[in-house]
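Labels run A, B, C and D following the written order; every chain starts at residue 1.
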């Protein structure tokens, strides 16, 4: 199984699941639409990557999404962290989309033609996600005193989890200008939790999966 | 299957599950102990009632707890509502324990010897639960302005769900004096949601069950 | 049409009233009430279906459901925009929803208990909505009629998807079939009630007919819906939960048992299973989003000033 | 013993120091630090295991786990009470935990990822705790020694329950066996690290030995733990994840690979997988409970006054 496809598929799937939790709870109606849209893109990417990842041993996208437990998931920890408030969600999206963009760009120019074709599609979408998140991070960082505080708290809390995303220098080159424009402090590097790529997750993921998989697992072998 | 045993077993099981959610989150250490204690009593009662309920068709307590979906559960809606803050939890416990006490008292003097034996044990425990909840309702109702407001909000929000508990007059005789001592207004009767006894629950129950049943269902037939 | 046509002439000629046209205040108010209620229904309607996005049993179904709920948000947006052409602001309409002055469709005050409910909502609730709304595409108020054309197109797509979910379940395992039947059992009468009280008790109807806002009576639309569903239920292999359902040769239509209108009135009044939960959810989302909206405004103000100053 | 014995005489005679006895300030401070850290560990330790109460796979296991976590709260209470005999208040100790001035056992900064982790914590973590704590039942400070007798009795009960969980899993289905092995793989080295840094690097140790607070060195206790586990792992049919583990005839003990002490230091410093989560959880529970504690105090004040006035 392509471990790259699995990592990217799991990142996108878990991100989609978290973003979809915002459904009917966004701060404004336009944002309900935007978050659903981004969740749909992530879900679409997840399906492409997981379908490809499963081909080697004859597993479908649903086998991989619904019949693995958290120890078998390969997403980064950042994706599985709870949504928190809107600032946390936007910081997560900014950090994740920047990493996704870099990996998709590399894949699109890479040797695996199938992955390159998928990445050629997903990189366009991820550019929009990155832009959407960046705009919000800037608006919130440079908005009111409260939004600045919340945005800085979100960036501080999530920063450690970005070390797992790989490609640090290129990633920083995407993210740091956004933080600067948002009048936010770029946190110091330090604690660097990891483990997602080895299936050692936070305690949050198994709850997410319990909910996500419940109907599918309750009806083994059923078609939907 | 004894529908009475099933209702009482499900009430106690769902109450135990909700109370246990407080674990390591109570307002003080003594209350962590007390809530765990009450959850343990409820869980113990659930096991006795469900074991009895399952005998007729050869199902164990675990078959009933882990392999039914929410449409098959017979608990009252009150038990499955989210915990909310500590005031909501104490109002739920007061209302539920009062109803449990009345049903246990009746069963203990009733014709079914097995149920009477179970009820003889559980009625003692439920008297303690009732007392514990009543003390907190009084302290919070007659505490600070904030605690009074929260306690009144909790009582108001949960009151409609108490119509499903049966034995209204006797139940009111247990609950109204507590509200009075707590300087709380007894809400007017009006909306009376029901359905729990017919398996038509709130949207909350299926989430609770998804979490409760996830490990058991992931390993069909396994021993634990 | 002639620019100088009066309101009554435009209505009589089956043409469209446009935002700048003169119109009776009661017409304007009726439309605002109806369009706002429709918009609110889209927004509140996101909740019962949104409840199953996280648990959708396949990734394909998850994507379809997510897209559907997104469409509902989109419908809400067009409809609020259509209402705004009548001189109200979306913010005021949202306030009217949140403080209970304006209503939303009572159907969304029932809980979604299983995955099959997503199918039943698509088939029955969207089906009933379409039967209600198709005539609105010819409504006398232009912006509303145009919004409804787009909404109806998407709704019929949603209805087919819901039907497909139920079809798959009804032809799946025994447990899936039972789940589908259970959903139909619970959603049938609430769907019939979506057409409103029986004609005899219907307020507003006569004037709305005269103004060509409404084109068919509640009972006419309800009958059309029942007649449409019977054959579809047969193909699904599911039983409509009505012992009184039978073909009436004389009428050329199905006889059926009316929904419990007393229950409908209770739900409209606020005492359905989920009224409090739905509005509470919306209030919480609105309140928790306040700091975000304020920040966006503050940022826009700052940077507008900066641009002007530059 | 003679009432007039000096501190040194009591220690030398292997008798107990009691709260009212004179004691060196450093002895008092060392004990406060150690007992408080122990109490905090019980409280924080409720989280990783509490994480599986809602998902315990049988009602019997759910009851056992709930009772265990309740016992931990109880241990926390005795131990805070023991610390209070040294002239500190529980409220101050809790503050010291919440603002990071005092520590808790680093083992609780690892996540519990599967149900088998509950078994592994019972067997290994409680097992290591017992090896650490049994000698404390003979500690020179009376209230601490007595609290430890009670704690150790319950801990050994918990350890047997954990072992039993793992035994059932290891002898269950293939998936259950794999889950048990995975848990052992993840918890083994963190459990070895529970005995602290190697003797060569251990601060405080020598003085604590002289004061008869501590009776064995970190490395002695770690060896005792390893020797105890090897046979138990064999019965479980699980493999301790250490290629260097082998019986050393000469030493009459097992050679084993030391845990990664650099990792231990990082976790102690605050950079384990769950440090932030654990303390954040505790802070949130404490903050969210403030209005309840204030209400209880206000009520007590009111009614104390009422009683006095009456």
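Remarks
We adopt the following convention: a residue touches a chain if its C-beta (ideal position, glycine included) is under 8 Å from a C-beta of that chain, and two chains touch if they have at least 3 such contacts.
Everything numeric here is computed off the predicted structure, so don't read it as measured data.
As a whole-number value, the distance joining the C-alpha centres of chain B and chain D reads 33 Å. One inter-chain figure worth recording: chain C and chain D are separated by 58 Å, centre to centre, where each centre is the mean of the chain's CA atoms. For this pair, chain A with chain D, the centres built from the Cα atoms lie 37 Å apart. Look at where the CA atoms of chain A average out and do the same for chain B: the two points lie 39 Å apart.
Each of residues 69, 206, 210-211, 214 in chain B touches at least two other chains. Annotation for chain D: residues 55 touch two or more other chains. Taken chain by chain, the contacts fit none of the simple shapes, being neither an open path, a ring, a star, nor a full set of pairwise contacts. Shown are all chain pairs that touch, namely A-B, A-C, A-D, B-C, B-D.
Chain contact summary for the complex, chain A toward chain D: residues 69-71, 190-191, 193, 195, 200-203, 206, 210. Only residues 13, 16-17, 20-21, 23-33, 36-37, 39-40, 43-44, 46-47, 50, 61-62, 65-66, 85-86, 138-140, 142-144, 146-147, 150, 211-212, 214-216, 219, 221-224 of chain B touch chain D when the two sit together in their complex.
Chain contact summary for the complex, chain D toward chain A: residues 48, 51, 55, 111-114, 182, 186, 270-271, 273-274, 277.
Chain A meets chain B in the complex at residues 69, 206-207, 210-211, 214, 217-218. Here chain D touches chain B in the complex through residues 43, 46-47, 50, 53-63, 66-67, 69-70, 73-74, 76-77, 80, 115, 165, 168, 172-173, 175-176, 281-282, 284-285, 288-296, 298-299, 302, going by the rule given at the top.
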